[in-house]
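In the two assemblies presented below, chain A is common to both, partnered first by chain B and then by chain C.
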Partner chain A sequence: MAGAVLAVPAIGFTTVYAVLRFANFAIAAHMAIGAFAGYVVNAWLGLPAWAAVVGAFLGAGIIGVASDFIALRPLRGQGALTVAIASIALNLMLENAIRFGFGNAPRNYAIPLVRDWTLGPIRIGPQQVENAVIAVTAMTLLFLFLGLTSTGKAMRAVADNPVLADIKGIDPERMARFAVGLGMGLGGIGGMLIGLDTSIDPLLGFRSILSVFAAAVVGGLGSIPGAVVGGLVIGLAEELSLLALPATYKGAVGFLAILLTLSFRPRGLLGGRAT
Partner chain B sequence: MTSYLIAMATFAAIYAVLGLALNVMWGMTGMVNLGLVGFYAVGAYVSAILTVKLGWPIALGMAAAIVATAAVGAVTTFGLLRLRDDYLAIVTLGFAEVVRTVAENEIWLTRGTDGISGIPQPLKAALGPDFNPAYLVFCLVVLGVVLALVERLRASPFGRVLRAIREDPQIAAVAGKNVLRFKVKAFAIGGAIAGLAGALYGHYSSYIVPEIYVPLLTVYIFLAVTAGGVGNNWGAVLGAFIIVFFLESTRFLIQVIPWLSPVQLASLREFLVGLGLLLVLLLRPRGLLPEPLPKLSDPAARR
Partner chain C sequence: MSLLAIESLTAGYGAHDEILKGVGLRADAGEMVALIGPNGAGKSTLLKAVVGIVAARAGAIRFDGQALAGLKPREISRRGIAFVPQEGNVFPSLSVEENLEIGGYVDRAARRGRIQAIYARLPMLAERRRQAAGTLSGGQRQTLAMGMALMVAPKMLLLDEPSAGLSPMAAGELFGLIKSLHRDGMTVVMVEQNALEALAVADRAYLLVDGRNARDGAARALAEDPEIRHAFLGG
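This part shows the complex of A and B:
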């Protein structure tokens, strides 16, 4: 179930990569933005969890499009590496903007704790079930959008072959904005889901960034179904690692998965272009 | 005040060495290393563990740090160099995080979050209160030597190949250069310099702890190199001194805006670092001292 939660921000990261062809490190800050946007809707406005998820998507998506337009778009001509480095600078700014407003102390959503369900020897947390349901719903909506709407199809066309898409009259700038909004919005939902499971603070996204990257790389950078598979694989691997390693090494699992994937199957499980 | 200035100059010199390390990998060869702080940490820990636990002399500890980080640089990149540079960025970032996690958890080796204290400082007993200025001179000498070496590297045929790889690896390969081998070497050299910087820091502060080695430090060095001029070694040194000055001057913000809480001030400082890097990239991407490139004769103009 942790895998389904991980898949959501991984899809966000991979979507931006598929259309814009650079690793956008600012996904970490947008996960935190989503978590805090959801917090504002839930704890300050008193609305239920589903409304908070919508708030997380919109908050992270809108800030994603705006910050990309101001900070990263002018640099796109200078190559993927320059934009990636700029996205780190942007990430630092956004995380610290949250820290400036909300402080470092962890916060919790105003959602009542529910006792774990027990089925014989198995214990299941209702919150985790709910998170998995939210994650699966978000992913289903995304696949419907990509498969059925003309904007979704256009986005896939740009990801597949930008030159051809341009010839067909698809506006690449418009698609870039769409991809960033969608990707960062999904990052925001992912951040909120992680926050529902634990607590939220400005570095929430950054702490899980290796797992998110790992999910995207294992599945194949730029492949949305790949990110789903990658998320499940990494989520499962991290849970299983707890049997053999201390919990603090969870992040190292993602790193190891990245190294193994790149050594043996650089295109990932459902791979796009790697070289 | 003098001792404060000496401390800051020492930090700046160490950051400048780090800046030169990044310049070899990123500036000259075009390979991004988001895990620079990991190399810095490995250098510091190798030298600290060898001198504290095994009683090695400081010079040998530092040499071991250089060798270890060179090896780490070669190994971590070897399998990845055929791939797009984005992957290198992701992997190096992960590498630094894993180094910090290991330093926090392998208590038998690194003493975990308590850190390693009592790292020997060279000639501390003999110098007494003169240790700090003497160590600053030592750091400046090391910086000068490293600067001279990487400047020679830049001007050498080897450096020319690195630049060719940065501009277009395919053309370098067509010209008969083994791109992979050059990239591994550049990363090993850069890694070794970063490891040296780490050892320099450890034997100065005499105390290292995992929380020093956060990704923010890598961002500082990126800002230093970008502001100074990517590819220009003198620029990397200038940039390091500028960033230390900038970071230290923002400490005095508290006197200007006293109504902010310490957390808000800290976040404002980091925000300004990010903003600085972004503004340099947007407005002056070639930095204060742009890389000196050979003038190309334009075949059209000759006619």
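This part shows the complex of A and C:
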């Protein structure tokens, strides 16, 4: 279940990478922005979880497009590494902006506590099931968008070959804005799902960025089905690592997965091109 | 009046890298024009300058009476020029049908009907409509790239070495398709490494050498010119 939740921001990360060809680490702050946008909708406005998910998507997506336009777009001509480093700086600024507005203390969503379901020796948290359902719904909607709509297909075309897409009449800048909005919006949903399971604070995304990055790399950077598989692999590996290792070492799973992938299969599990 | 008129065109990739050094070319409506010449003569660069991928530094390119200078590739394609690059001319992860849909991106209202018309003309594409373009053979991919270009019902086709890397049979089929489009009235400007084949199908031809016009004239006359045969056709 943790894997399905992890897959959502990993898809966001990989979508931005597929169209713009750089690693946008500011997705960490956008996960926190989504979590707080969902919190505002849920705890302050008193709306249910599904409305909070929409709020998380829109909040993170809109701020994602605006911050990309102001901070990263002017640097795109300077190479992928420059923009990636600038995205780390942007991430720090956004996280501190959240801290300025909401403070450091952890907050919880206004959802009722429910007793775990027990099936013999197995205990399942209803919230985790609900999170998995939200994650799968978001991914299904994304696949329908990419597979069935004209804009979704145009986005995939730009990811495949931006020069040819331009010749065929697609505005790459417009598709870049779309990809950033979609990618950061999905990051926001991912942040909220993590927050529903635990609590939210400004560094919520920062703590999971390694797992998100690992999921995208394991699946193959730029491959959306790959990010789903990578999310499931990393999520499962992190949970299983708890059987053998203390919880403090859970973060090492992501590092190990990146190391193994880059050593033995640099294209990732489902990646089409090495980069 | 010529559909495409290029005058004294200078263009290149880097700041000091001049590939075209004052090239001229014209193509009248309904004409098939071949561009031949040795490697590095600037043939492909000329096509890329027309569609806006390579910026022109000096000279003029006019299409249908209007200057194309400073327009982006997508704006030029909207004016009725369809370019088929030599490589990377399909979207490998998209299906054949999705490639055709993207081919018609600028004219979405007409897409359904045109895809059916292309399937009727090129049944091979209809049989593989769900297949990813990256899994097609070289000849099939080239056919798909032609189909994508036809999706906008262009006034002019620019083809960059359409037969490069194809088996003789696949190249023959492709030339058959190009000839039939020309018979239907399409204006075609084609860069070809296979000069003999190009001169056999074209109305007129231009010979470029080192970024300059070397010869031009009726394709048949050029094909019979002993100097050209000796230098470029190995005859």
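The rule is short, and it goes like this: the second predicted complex is superposed on the first by the 273 of 275 C-alpha atoms of A that agree within 3 Å, B and C clash if a C-alpha of one lies under 4 Å from a C-alpha of the other, contacts with A are read in each partner's own complex, and residues count from 1 in each chain.
We adopt the following convention: a residue touches a chain if its C-beta (ideal position, glycine included) is under 8 Å from a C-beta of that chain, and two chains touch if they have at least 3 such contacts.
None of the values given here were measured: they were computed from a predicted structure.
In the superposition on chain A, contact of A:Ser150 is made with chain C only, not with chain B. Of the two partner chains placed by the overlay, neither chain B nor chain C lies in contact with A:Thr118. Counting the residues of chain A touched by each of chain B and chain C gives the higher count for B.
Looking at the shared chain after the overlay, A:Phe255 reaches chain B, while chain C stays out of its contact range. Residues of chain B that touch chain A in their complex: 30, 32, 34, 79-80, 82-87, 89-91, 93-95, 97-98, 101-102, 104-105, 215-216, 219, 222-223, 226, 261, 263-264, 266-268, 270-271, 273-275, 277-278, 281-282, 285.
Interface of chain C with chain A (complex): residues 51, 53, 72-74, 77-78, 83, 85, 88-94, 98, 101-103, 105-106, 108, 134, 148, 152. By the touch criterion stated above, chain A contacts chain B in their complex at residues 17, 22-23, 25, 71, 74-75, 78, 80-82, 84-86, 88-93, 95-97, 99-100, 103-104, 206, 209-210, 213, 217, 221, 246, 248-249, 251-252, 254-255, 258-259, 262-263, 266, 273-275. By the touch criterion given at the top, residues 150, 153-154, 156-157, 159-161, 163-171, 272 of chain A touch chain C in their complex.
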